[in-house]
Amino acid sequence: MTHKIAIIGASGYTGAELIRLIATHPTFELAALVAHTKAGRAMSDVFPHLTHLDLPELVRLEKVEFKDIDLCFCALPHNTSQKVIATLPKSLRIVDLSADFRLRDAQAYEKWYQTPHTALETQKDAVYGLTEFYRDQIATARLVAGTGCNAATGQYMLRPLVQNQVIDTDEIILDMKCAVSGAGRLLKENLLHAELSEGYNAYAVGGTHRHLGEFDQEFSALAGKPVKIQFTPHLMPVNRGILATGYVKGEPQMVHETLMSAYQNEPFIFVLPFGRTPSTHHVRGSNFCHIGVTGDRIDGRAIVICAIDNLTKGSSGQALQNANIMLGQDEAAGLMMAPLFP
Amino acid sequence: MTHKIAIIGASGYTGAELIRLIATHPTFELAALVAHTKAGRAMSDVFPHLTHLDLPELVRLEKVEFKDIDLCFCALPHNTSQKVIATLPKSLRIVDLSADFRLRDAQAYEKWYQTPHTALETQKDAVYGLTEFYRDQIATARLVAGTGCNAATGQYMLRPLVQNQVIDTDEIILDMKCAVSGAGRLLKENLLHAELSEGYNAYAVGGTHRHLGEFDQEFSALAGKPVKIQFTPHLMPVNRGILATGYVKGEPQMVHETLMSAYQNEPFIFVLPFGRTPSTHHVRGSNFCHIGVTGDRIDGRAIVICAIDNLTKGSSGQALQNANIMLGQDEAAGLMMAPLFP
Amino acid sequence: MTHKIAIIGASGYTGAELIRLIATHPTFELAALVAHTKAGRAMSDVFPHLTHLDLPELVRLEKVEFKDIDLCFCALPHNTSQKVIATLPKSLRIVDLSADFRLRDAQAYEKWYQTPHTALETQKDAVYGLTEFYRDQIATARLVAGTGCNAATGQYMLRPLVQNQVIDTDEIILDMKCAVSGAGRLLKENLLHAELSEGYNAYAVGGTHRHLGEFDQEFSALAGKPVKIQFTPHLMPVNRGILATGYVKGEPQMVHETLMSAYQNEPFIFVLPFGRTPSTHHVRGSNFCHIGVTGDRIDGRAIVICAIDNLTKGSSGQALQNANIMLGQDEAAGLMMAPLFP
Amino acid sequence: MTHKIAIIGASGYTGAELIRLIATHPTFELAALVAHTKAGRAMSDVFPHLTHLDLPELVRLEKVEFKDIDLCFCALPHNTSQKVIATLPKSLRIVDLSADFRLRDAQAYEKWYQTPHTALETQKDAVYGLTEFYRDQIATARLVAGTGCNAATGQYMLRPLVQNQVIDTDEIILDMKCAVSGAGRLLKENLLHAELSEGYNAYAVGGTHRHLGEFDQEFSALAGKPVKIQFTPHLMPVNRGILATGYVKGEPQMVHETLMSAYQNEPFIFVLPFGRTPSTHHVRGSNFCHIGVTGDRIDGRAIVICAIDNLTKGSSGQALQNANIMLGQDEAAGLMMAPLFP
C-alpha cells in the first residue's frame, strides 16, 4: 500500500528535511513537490544532497492534482500558509508546519504575528500538533498545526510539570539556545556565516518571541489559570539543535519522577537518569528528545534541560509523526534513524 | 532471517558509525560490542546519541562467543588489529576497518607504518575492500580489508582514468581536504577544538601520508607499471567529509565520459554533469560519493573533484556494504539514508 | 623606562594571550618565559602565531633570575600555582591567574577545589583582582589573584545591582554560555573538535561550578548577608567568549541606570542603551565588556546580559590591566586593540 | 603630526577592518566615514565591535570635504569604485581596495570582470599595490590599487620563484582554501551559516576566477613571456584566512633558499624552516604572511604553502601598509598586532 504525499514549500529547509525522512518511509511516496520562485527546477539542483533520489520536479501550486494526494505537508512561511491552505480542497488532509494555525485565539495570533488572521474558518478545523499530547485528535484531524520548534522543546520539558502541579507556574524561566536553521533559508545579514559563527547572543529578549503565544495558550489551559513564563532565545553558531535550560521551583526528585512517568511509553522521548544533562550533539538529525533533571544547591529548585533537533522533532519529524497517525501508520515509520555523531 | 554481528572496537567513531547504520538494517543484529578500557559500560554512556537503541553492554574480547557470530567488524587501530584478528577463529568472517591488511606487500606495510607486519598468514586471506572494484572477491572472502578514507576518495575519482589510460599517470596531483573525525577519538593537542576550529593547514606534506601505500599498490596494478601520485592532505575544521581536488592531464570530456561510464550502474556513486562541482555538504552522513569534472583553461588538463563522508563511504558505510555482499544481502541494505543537510 | 616581566606557565592559552598583549605594550619587556614539559623549546614552536616576535626561549623555573624581574605573571593550573608561588621571592610582585588565591576563606577553597590550601600565609597577601572594584588595593598589592572568567562576567553585570539593592538577592539566576578556551589546552575527550563542535550542553549543573565560590564571597560581602545565586554554565562550540544571561527581580529601568552610573567612567565597560543586547562577537579578542538590560514582559523582572572575551577581560587582559596599576602605568596600556570581527 | 583619513565604503568588512587597524595608528585620524544605504547611522550600530571608538557618523559621499583629507581608502565593490574615484579631486591620494585598477590592460579588465572599464585615464595613475614589490612606485603614487586577497597569497609564494627561474612556469598549480569574509557582507544563499558551515567545496573551477587576471599580468611580466597558472579556490567554513598550496616543479632546497633570500628583510613575511607547513590559525587577524616549502617524494617537485589573513594582509592591512609608505610613515605603523590564537 502506498500513500501519495505532496509537499508545498519544498525548497526550504523543512521541506528538504521532510524529503530526507520520507525517502526511507515504507508507504509514503512523494507525488508532488511545490515551490514558487524555484518551480521548474530539479530538487537535486536546489538541494544537491538529494541527488540520489528519484524525485518529481518542483512545480507551481496550480499544477498539482490534489484529488490524487492522500496527505499534504505545507512548509510555507506564516501568513502565506493560511492563504494557500484556504485554496486547497476541503477534503485534503494537511499537516501545516507554519505558525498560522497554532493559536486557537485569532486575537492572540494578531498580537504575536502583527497581522490579522484571514482564514478563521480553517482555524476551527486545526488540531495542535504536539504529537504526544494530542494523538487522538490528530488521528481524525483534517488539519494539524505543527508546533514551533522552541515551543515544542519547552513543552516537552514542562507540560507534565505544569499539569501535575509540581512546580510554581509563576516562576518558570526558559533560557533557550537555538541553531540557525530555525530561521530558515532567508537572506538576512545576521544569518551570514561571517556574522554568526564564532560567537553568540540573545535575541527577542524580554518576552517578545512569537512562540510565547503557544506557551501561554498551552500552559494556561493545562493549569486552568493564566500562566506566563519568561523565555529568552539565543542564536548559536550551529546548524541544528535546540537546548532549553529551565529554572523551576519544585522538588527536584518529584520533577524527575513526574517526567519519567509521563514519558515512560513514548518512543521518542527519553528522560535521562537524575543528574545527567542532555546535549544537542546526541539528538542531531534525529526525532529524539532528551530531557535531564538536576537539583540546584538551593533547596526546592530544579534545573530541567531539554534537547531536540529543531528541524526534526521540532518541525519536519514531528510533522511526519503526525502524518503517520493521520494515515493509520506506525507512528515511528521513517523516523527511527539514529542521530548523527560526530 | 537474522545475522548476528560483532563489533570489536565499538567505542571509537567508526564503531559508533557502524552501530548507527546497522540500527536500521533489516537482517543484522548486534550481538556483541567489544571494547577495552571502556568494557563494562553501556553504549548509551559512551555514546549518548545511541540512547534509543537496545544494545548489548560493552564487553572485553574474551567474553565473546564467536561461534554464534556470523560476521565481525574490527574497528581497531592499525597494528592492534592484526594482533587481535590473529586470535579469532579461522572460520569467522571479518571486515577489518584498520590499515593492517590493505597492503599485500609486507615490506610496503613496514615502510608506511614503521612497524613489521606480524600476521602475514592472515594477510594472504585478505581482499582489498573497495567495494565497487572487488565485489566478486569480497563475496567469498574470509577477511576484507576496508580502505583508508583518503585512499577510497582518491581511487573513486581516478581508478577508471588510470585503467582506461585517459590521463598521464606521471602527472597526478591530489589535494585533499579532510575532516577531523578521520583522526579518530584520540587525545592529541592538534585535535582540540581550540586548536583546530577557525583555521586550516596541510599535514603529511611531501608524499609521507600512509594512504600513499594504497594508492601506489592499486594504481600501479591498474596501470601495469609503477605509478606514484602527489598527495597533500589538509586538516579542516569540520567533523565529517573529504573533498579531493585532482589535477590531471587528459582531455576533460573524455575524463568525464570515462567516469560516467564506469559508474553508471553504481547505487552510491554519482558523476555530476560536466562542469558541476561536488561538495562535502551534500554527502554528509551518507554512503554516497559525488564526483565532478571540469576542464581547465589550459587545454588538455582537467580538474576532477570527489566528495565523500569519511566515516560512512570512507569507512563504516563501506564496511557495511562489504558485509552485505559477504552475507548475500542487498548491497545497499542499511545504507540508503539521505545526507544530513543543513 | 622598561619593566622586566616574567610569565610562569607560558605554554598555555592564558600565557600566550599575555604575550600577545604585552607585545604591543609601551614599557613591558618579556624577560623570562617559564614552562615545564616544554622548557627548552622556542615559543614560535609551541605557539607559531608568535613567530614574528623576538621572544626568550622557554626555560624551567629554576633558571629565572627573579631579582631582575619587576613583575611576574603566574598562569599555572590551580593547586600548582600556590606551590610555585610559595617558592618565589617575597619581594616579587605577582599577578596570579589561577584560582588559588581568589578565596579568602581556606575552608571555602577546600570545599570548591576539593584539596586543602597549602599556602595560607601567601593568601593573606592576596588582593582579589577584579580591577574596577579593587583598584586601590591592587595598586599596592604584592600578589593579585585574577578572577575566574565566569566569575568576572557575572560580577560585572551584578555587583552594582547587589550593592545598590536594586534587585532581590534571593532570586538571581545566571545562565552562562562559555567558550572552550576557558578549559585550557588540556587533552580531554569533551574538548576535541569532533566532540564539541556542532552542538552544546550544560555542565556543572545544579550549583557545582567552582566559580560559585567567588560569587558567594563577593556578593555576600556586598550585600552584608549570605547571597547564593543559581549559576549554570554551558559549553559552546566557539573558542572565545562568555555570554551571561541574568534573570533578576527588580525594576528594569532602575537596573539599567544603576549599571550606567556605575560604569560611566570605566574605559573597558560599556553599558548599551536600554533594550539592546550584547554579543560575544563584538568583544572577541579585546578587553572590553558589553552589558545590556531589557525589561521582561512580566513587571518587575529584568534580563541583564553581559559579554566578554574569557581569555582577555576574563583572564590575561584583566591580569595586564592589574599589572599596569601595580607598576604605575596607564591602566589601558597594551589593552586598547579593537575586537576582531568578523 | 596627524594625517586625516577618509574611508569610502566603511560599512563593509574591509572598511571595518581598516578602522580596527587605524584605531591604534600613531598618526592617522579618521576624519570621514562614507557609506551609502547606511549613511546617517553610527558605526557602533553598524559594527558594534567598534563601540569603544569615538568615530564620526557614516555620511554620504557628497558630505565629505576632501580638501581636508590627506589620504582616502576606497573599499567599494569593483565597478562602483572606478565611478566614485573618477569623481574625487585629482590631488587626493587614494588607496583603492577594489579590483578596478589592478589590471593595467583594459581588455583584460573587461574579460575578467565582464564589464568595460570606464575610468581609463585614472587607470594610468594607478600603481599595483603588492607592497613588497612596488614600494618605490607606491611612495609617490596618487592611486594605489590593492591586490586581490587570493592574488596576494599566490604572488607572495611564487614571485621570487618565477623571477629567479627556479621553477617551470608552465606547470604551476595553486590549490587555494579561502575564508568566507573574502566574499564580503553580501546577502547570498551560499554565504549563509546553514549552507556553508560543516562542509566545503571548490568554486570558479577551471581557470575562471577573476584573480587570474592579476596572476597572468604579474607572472608574465616577471617571466618575460606569457605565464598561465592553474588555480582552484575552495570556500571554507571559516571567517578569515587563505591557505594556498602550490605544486611546482623545481629543486625544493633551491625553492626554499630563493624565498628565504627574497624575504629576509621583510617585516611581515616569514619563510619557515624547510619542511615546516604554515597554518591560517597562526596569521589570523594579523598582517603577517607565513610561507613553507617541502620537497615531494618525487624528485624535482616542491610543495610551497602560504598563509595570510585575507582581510588583513590580503586587503585592509596591505592597504594601510601602502598608505604608510605614501605618507612617509613607518611602514609597519598600526600593523604589528599579533595574530589571535586560539
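By written order: A, B, C and D. Residues from 1 in each chain.
What we mean here is this: a contact is a pair of C-beta atoms (placed from the backbone, for glycine too) under 8 Å apart; a residue touches a chain by one contact, two chains touch by 3 or more.
Remember, it's a predicted structure, so these values are computed and weren't measured experimentally.
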item	value
Which listed pair, A-C, A-B or B-C, duplicates the contacts of B-D in over half of its pairs	A-C
Of A-C and C-D, whichever chain pair has more C-beta contact pairs	A-C
Most widely separated chain from chain B, with each centre as the mean of CA atoms	C
For chain C paired with chain D, centre-to-centre distance based on mean C-alpha positions, whole Å	36
Distance from chain D to chain A - Cα centre to Cα centre, in angstrom	45
Computed distance of Cα centres, chain C from chain A, in Å	39
For chain D, residues that touch 2 or more chains besides their own	13, 181, 194-195, 198, 237-240, 278-279, 281-282, 284, 342
Chain B contact footprint on chain A (complex, rising order)	13, 16, 19-20, 23-24, 47-53, 181, 198, 239-240, 268, 270, 272, 278-279, 281-286, 288, 290, 336-342
Of chain A, residues touching chain D in the complex	13, 180-181, 185, 187-189, 191-198, 237-239
Contact set on chain B toward chain D in their complex	173, 175, 177, 194-195, 197-203, 205-208, 212, 228, 230, 232, 234, 236-241, 243, 245, 247, 275, 277-282, 284, 292, 294-298, 301, 303, 305, 307, 342
